[in-house]
Every structure is written in structure tokens, then in C-alpha cells.
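Naming follows writing order (A, B and C), and every chain is counted from residue 1.
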Amino acid sequence: MLMPSTGPRTRTVRVRRQLPTSPWLFAAPGLLVIGAFILYPFMSTLVNAFTDRRTLIPGEFVGLANFRELLHDDMFWTGLRNSALYVLGVVPALVILPLLLALLVQKNIPGITFFRSAFYTPVVASIVVVGLIWVWLLDERGLVNALLETIGVGRVGFLSDQWLLLMSAMAVTVWKGLGYYMIIYLAALANVPRELHEAAAVDGAGAVRRFFTVTVPAVRSTMALVGALSSVAAFKVFSEVYLMAGPSGGPAGEDTTLVILVQRTGTGLTGRVGYASAISVVVFVVTVALMLLVLRADRRSEV
Amino acid sequence: MPVSRRALVAAAVCLVLPLSACGSGGDDGGSTDASGKVEGDITFQTWNLRANFKPYFEGLIADFEKKYPGTQVKWVDQPAEGYADKISADAAGGTLPDVVNVSPDLVAPLAKAGLALDLDKAAGQYKKEYLEGAWASHRIPGMTGTYAFPWYLNTGPLFYNKSLFKKAGLDPDQPPRTYDELFADALRIARNSDGEVSTLANVPTVEDFGRYGVELMNPAGTAFAFNDTKGVQLLTKYKELYDAKALDPQALTATPESSGKKFLTEAVAMNPGSALDLGNFKKQAPSLYKNIGITDQITSTGHVNMYVMGVMVNAQSKRKPAAVAFAHYVTDAAHQMSFAKQVAIFPSTAGSLDDPYFTKEDGTDETRVRVAAAKSLKNAVNYTPVLFSEQMKTALRNEVAKALQGKESPKEALDNAVKACDTLLRQQG
Amino acid sequence: MTRVRTGELVLRYVLLLAVLALTVGPFLWQLSTSLKGPTEDIYSSPPAFLPQHPTLHNYARVSETIPVWDYAFNSLKVATANVVTNCVGAALAGYALARLRYRGRRVATLAFVLAMLVPVEGIVIAQFTTMRELGLNNTLLGVVLPGCIGAMNVLLMRNAFLNLPYEIEEAAYVDGANVWQRFLRIAVPSVKGTLAVVAIFAFMGAWDDFLWPLIVLSDPSKFTLTIGLNYLHGTFANDERLVAAGTVIAVAPLIALFACLQRYFFRGVGEGAVKG
């Protein structure tokens, strides 16, 4: 979907009767906004990455010094590790679980529209609110621990252990993303010809086998799309971890992600804008690479 | 592609360079001359005070405008979170308000960038109205001058939970008075409750090191020094507490709010606080309030810690006379006194703490806390170095956490923290 | 697949209810916390799911503390403007990317894709500087502008248009309709669903944003609801009931909006987000 290429169908008809200026008129507002408020500021980030600029002090050109410093910055590697772990932890869950959920709500049984909408609520709620809700739920004295204690498991320090914190944040990301990707799968499933399932059923294939032989191949390109979108988002994760682990990134900063590091080093009155920009550039390059990787796999699967 | 790549890149560079070169340039900071007629429109920015003190500030501004006809003060208040981000964006963009509520660590970078007015030069005549230590709290090592009027001070006692003390077999009327007693009591409480009850909820911060008697910086203020024997000693002690669960296991991720909540829910036996918290306990945890004990802040230096708020004047303000007059008006003795009566803070003006309001007890806990705090403020110290930035706080916090987790020895951790902070200090320029 | 066995049906409902508890439960817990009075223990174990003496007291306290209705109105203005500009701008740009042929189209598409990948946390100050050069800091317009045509929304619209069968427009073309007429009369009505998606995303995005409005706005009378919520959190961090009431106020309008638009919405995501 997000590939800058066009499908072959659009080329079949050539529409010549359009006002010569109209394509640009159509695209102009969008390009102007994107250009002025996203790409132009990002260009200055690119330039800043090669300077030692600070919030209140204009910097000087320092060549690759910021990038060299990154190589020796433990926090950078911690951030890279956590952002990468986030992709590994979140993406498989967000590719598979919403598909199962979509299968569950696909069949039109009474009340199903209610369930579909209800499953979408976490997507609609703002991340700050979601953060507040889950911090309260996972608090040492919150609902989850009260329940765990009631059934005799005892309290768990979801918000104090380095790994549990990261996993809790991942769980929140998955929780918030389930409904979003469910809808995407739901639409894809609608395009799967029913006959395929019926034929497989006649052949005696059980539900599990039908899932792997019919459903999965039919929604493969959608799975790739979900993989691309969720991996880009996961690598850029900020809010969930920031809200749950705090601005310093959990115990000893061990839950710092790259974007949290960008925020921490680059903002405030003493922010190192140049260095933070260099980290931003790394984040950007990795997300572009992730996107290309997944979409490439997708294109191959389409052939 | 119709447009050549090189042309695109060239265009981009042309567009971007002016932006990256803009910054704020500290040299055109305008004169420090604030004499002249007090008139014109100025903007006054406070930090999270609107929710509770709206009528107070509206009255204050109305009085000022009446006193100086021809002036108009616009009051803006910013929420607690994101305050530094807000000020940085305004400072970088040249839209800083004329009069700004700041803390010393916010003043330092603004002063270095030439955005804070030197009040020794512009308003030196007011210096004698303030406590000497308070006036000095907005001086910056390596610079001459004072860059903000001192505003309110805060300090507070140590609250403790008497019933938790009693349960651990300690005398609830004998709270710890020295660090040694504190550590011994904490270990005992943890032992007797099988690690269920901790005594402290926060890892040591830079001010804790200061209060313990550690030299934080070298005398010239050019490098940090808290990795000395004393510093290592304090951190080693905290590690012992952490291992015994006398320091809350969640302390590594705690915030002041979360540790306050822990004390409120009786999961932690002690918590620093202020008279403000007392009302909060009364309302939210009546059962705790009955058992609350109040004792003095523990310090090895004889000086308790205080927090200082300041009011800074924008050096690029177009209405400097009015801005200086207003900043002084907000922080003068009469107004600080009336603000102190609204909320549990303390004035930084000379002589104000001798007011009967701060010296006469009337038997209530609130007054007792207030009188004790006012007394201790007379020789209190703001331990947090002015140059200690947010990034340095994080660096120290993370290294302390590593030591507590046993990943580094206390000595290694503090050495690393000092090294990181020194690097950050140099990079501040 | 018309017959559904009873056993399977029961299993389906059990699973549906389990997922329902997981997705909606946290919101209900928040609602329940916000309705609990000051005397009620909110930390009890086993937890009390229902407030014993439900009270709206916490909501009253929220509106005493911050001018919650003024802030909500500002949020509404910003969010509505964001919906309009995004629907119009993204539809226009999406159509240009999907249907119109011109030199530089690939570059234009690439610009939107790259814009979507930029980590916004790193560019806030640069955005603010730009805004100030335009003289739009401290205006609600300044709050709206950077996100007023989101790259993601443009790409969603592009896909929706790409998925429309070309034949419909071809017929209009033969009838002599020009590009604007084809766009307005044929293409846009066919992608109403995706427009609903864009509308919800745009509303959510504007309603939920905190850092950008905080940076751009200085004047408290222009603050939005998320900034107000932050006052609550900063002032009463220890009072879970009050913070809960604040979050409910922040979430409720979104849920209401979504409930109204959900019919179009479910159709829309199908049109736009999936490869045809």
C-alpha cells in the first residue's frame, strides 16, 4: 500500500484531458504542509547532525564526530538494543493476534458489530490516557496485582524490573494496536473467496489446517503490510516506554529506546541538539531500511 | 526525475542553513540598563501555579497595574511537565516572556546564552532586601552577576509512620536524627517485617550527597567531585539498604509522586515532605494522619536542603523597566509574605522569617512544621549545583542504579557519573 | 458457512467476551475509580470493581481545578479544523498521486512516504522556529498547521483511489467531465469510508496531542484539554480518583465520535488500507 509504485492497472487508460496545472494544484496543499513542517525541519536535523549545536548555542561543523561518539556511547547501544527488541517482540504479536481476532469477529453472529467496535476502543484512546490507565493497572497496588494476590500468585513488580517493564510496554503497544490491525485483516479476509474454504472443508481439512493452507496464503500480502507498518512504529517507540518507565528510561536507564534517547539528549535548555540529531538520523535510516525490507519481501510474495 | 538531484540538494542546503545558524546569539542581549519609565505591556510566566493560586496572582497583577498606570501584565501559567521544553523553544525562538518563573538550574543556560538580565547591574539596589544566601542562589560559576530575583523557598521535615515504627519494635517517639541512626532503623524495620516495609523510597540524588557532606564540585565550579570517600560511603550504605529491602525495591524507577503515594499507602515508613503534604495526608489518608510522626531533615553538615524558586527578567525584553519592577514587585517582602500565607512556602526576603507567622506555635501540626522549617531555613543550603542539568541528573541516577543493582561497585559508579557529568559540563560550553 | 454448530457458537462467544474484558475492561476500571468517593479504599485486595457510593464529586473537582469546558472547546476547534483540512487536503493529494499523470509524481509520492518515517520527537524545536517565523506561534492555527495534512492520510487516500475501478471514471471522461468534476462527483463519493477513517485519525491526532500545543501556545486561554489534563496530573498526582476522572473526560468524546462514525469506518479501512 505505501509503496511509491503504481499498479499496472492504472496505466491502462491515459487521461489526457486534465488541466495542465491541475495535478500540482491537487498535490500542492499536501506537499506544502509536509515540506514546510516535516521535511524542512527534518533537513535541519540532517544538517545539525554534523554540528555540535546546543539548544541555545549555535553549533559549528564537526564532521562525523557525533557519529563517532555514538559508537562509544553505551546508552546508544542500549537504546538500539531495546528498539530492536521492541520490533522483535511486538511485530510477530501484531501480525498474528489481530489476524486471529479478525477470524473471530468475521462471522456475522448476533451482536458482532458491538464486539468489533468495542475491540477498537483502545485504538481511539490517546496514548497518554492509555499510559495513565496501565500505570494505574500495573501499579504494585493496582488491579492486576490485587487480582494476582487474590489468586495466590503474589505481587509482581511490573513497573520496577528492567525486563518486565519493557515487556509491559510491549503488551500495551500490542493491546492498543490489536483493533487497528484487526480491521485491516477483516477487510483482507472479505476478499478471500469462500469457495476455497469450502473446498478445503470438503477435503476434510480441520480448522487449523484450513487456517494454514487457505487463510494465511490469501492474506500474506496484508501480513507483510501489517509487518511493515508495525515494525516502523515499533522501532520509533517512545510514548509507551516513556510513560511507563519514566523519562530516565527505567532502572539504570536500561529501558531507554532510541527515540527516548533523542528526546533526553536533545531537549531542554542544555540539550545537545547536534548529537540528538545524529541519533534521529540513525533512527530514520533504520526505519527506511525496515520498510524497504518488509515491502521487498512483500513484492516477492506477490509474484 | 525532472529536477536534478544536485539542484534539490543545493536548494535544501540554502533553505536549511539560515535556520541552523539562527539559534539565539547571546551577544546582542541588549543593555542591562533598566532605568526609565515603568510602562508598557509585559508577560509574566509561572510554573504550575494557576490551578491552585489563580485569585492570588490576579489580585497581585491588578495591584501592580494600579500602582504603575500604563502597565499591563499578561499572566501565563505552564503545566509542570514540559516546562523546560517550553522555555527552550521560546528561548531558541526569541519568544521568551519578559518575566519568567525559573529554578536555578534553568537560569544557568539562559544566562550563558545572554537571555537573563544581570540583576546585580540592573537592580542591584534591591539586593539588600533579600536573604544573602537566597540572592546568591542565582549566581553561576564562571560568570559574574546574579540572574534572577529569589522568590519562594521550600524545605520540609521528614515524615514517618509511627505505627510502622512500633510494629518493628522501635520507639515511635525516637525517630532517627543522624544518618547512622536512620540506616540502623531502616535495616531493623526491613528485618522485622521480612522485607515488606521499606523505610526509604528514593535513590540518593545529588542533594542527598550534598546533605551527607560530600563536596559536589571543585571550588572553581569547573568539575564535579562527588566520587570522594564520603560519596562512596553513602552509596555503599544505600546499597546495603537496597539489598535488605530497607530501600524500596521500586526506588530505581520511583518519582517524587510515586514515593509520596507509597508513603500514603503505608508501604514505606519515611518520606521527606513539606507542610503542604500534611493537609494532603489529612484528606486522603486519615488513618495514616493519626500515626504520622514529624522529625527534622537529617543532615551531616548542619545545613538542611532547600529548594529555591526565582523570577528572571528577559535580557531582550523591550520593557525592561516594567519587567524589573514587576519581578521585584512579585518577590518583595510584602507579596512573598502574603503568598506564604496562601501555601506552605517560605519567603526569601530578609527579616520575613522573623514574622510571628513563622515563629509562634499555636499547637497545631501545621504550625509546628512551619515554625521548624522556617528556623532551619535560616542556614539552609540549596545543595543542587546550579550547573547540574537534567542530563546530568539522569546520568547520576543511572549510575547509582547500577551500583544498587550490583552491576558496578559504588566507587566505579560514582567515578563514571562524575566523568559523564564533567563531559556534559564541558559540552554546555 | 451458514450453519454454525452450537458448540462452536458458545466457544466463539466465550472468546469474544474474554477479549472484550481485556480491551474494554481497563477503561471501565478507570471509570469505576473516577466514581469512587474519598472514603472508599481504591487499593483494596481483592479489588472492588463497583464503587459502593458512586459520586460525581471528582468530576466537579476537575472542573473547579481547570476550566475544563474552555479547554475542551479549544480542543474541539483544533480537532475539527484538523478533520476538515485532512479530509480535503489528503483527498486532493491522494487523488493526484493515484490518478493524475505528471512529471514528478514519483518524487511527490516519495516525499509523503519519507515524511511518514521522520521521527517527530527530533524536530519539534525546528518546527517551532518555523512557526514563529510565520508569526503563528501562540495561535490555534499554529497548533493545527503541522499536522493539517498528514502524510499517512494522504497515502491512505491514494490507496483508496487506486482501488477504485478505473472504468467508472473512464465513462465520465468520455462524457466530457474535466478532472475536477471527476474528482468531486465520482471519485470522492466512492471513498467515503476512507474519508471516515481519515476523519477519525485526524480528530484523534489533534485531540490527543500534548507536546506540540504546549510548545506553540503560551496563552492559557488557548490551551487544549491534554494540557489541562497535565495540570491535573502535575497538581494531584497522588489522587488517582481525580486523574481517572480527567482521563474519562478526555476519552469519552473520542468514543462517542467513533460510535457515530463506526459504520462508515469499518467499510473505510477496508477500502484504503488493503492492497487491491
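Things to note:
The definition used in the following text is that contacts are C-beta pairs under 8 Å (C-beta built on N, C-alpha and C of every residue); 3 or more make two chains touch, one makes a residue touch a chain.
Owing to the predicted nature of the structure, the values given are computational and were not obtained by experimental measurement.
Taking chain C out of the picture, touching still joins the other chains into one piece.
When each chain is reduced to the average of its Cα atoms, B sits farthest from chain A. With centres set at the average Cα position, the gap from chain B to chain C is 37 Å.
With centres taken as mean Cα positions, chain C sits 16 Å from chain A. Looking at chain B, residues 19, 22, 85, 88, 92, 265 sit in touch with two or more other chains.
Residue positions of chain C with contacts to 2 or more other chains are 43, 106, 124-126, 130, 210, 233. Residue positions of chain A touching 2 or more other chains, listed in rising order: 40, 44, 55, 141, 267. Per the touch definition, chain C reaches chain B in the complex via residues 38, 43, 65-66, 103-104, 106-107, 124-126, 128-130, 132, 137-138, 210-211, 214-215, 218-220, 227, 230-235, 237-239. On chain C, the positions that touch chain A within their shared complex are 1, 4, 9, 12-13, 15-16, 19-20, 22-24, 26-27, 29-30, 33, 43-47, 88-90, 92-93, 95-102, 105-106, 108-127, 130, 145-149, 151, 154-155, 159, 162, 166, 169-170, 173, 178-180, 183, 200, 204, 207-208, 210, 226, 229, 233, 240, 243-244, 247, 250-251, 254-255, 258-259, 262, 266, 269-276. For chain B in complex with chain A, the touching residues are 12-13, 15-17, 19-26, 84-85, 87-88, 91-92, 106, 109-110, 112-113, 115, 249-250, 252-253, 255, 265, 267, 389-391, 394, 397-399, 401-402, 405, 407, 424, 427-429.
Chain A meets chain B in the complex at residues 40, 43-44, 46-48, 51-59, 140-141, 157, 159-160, 165, 245-248, 250-253, 264-265, 267-272. Interface residues of chain A facing chain C in the complex, by the touch rule stated above, are 1-2, 4, 6-7, 9-10, 12-15, 17-19, 22-24, 26-27, 29-31, 33-42, 44-45, 55, 101, 104-105, 107, 109, 113, 115-122, 124-129, 132-134, 136-137, 141, 143, 145-147, 149-150, 175, 178-179, 183-184, 186-188, 190-191, 194, 197-198, 221-222, 225, 232, 236, 238, 259, 262-263, 266-267, 273, 276-277, 279-280, 283-284, 287-288, 291.
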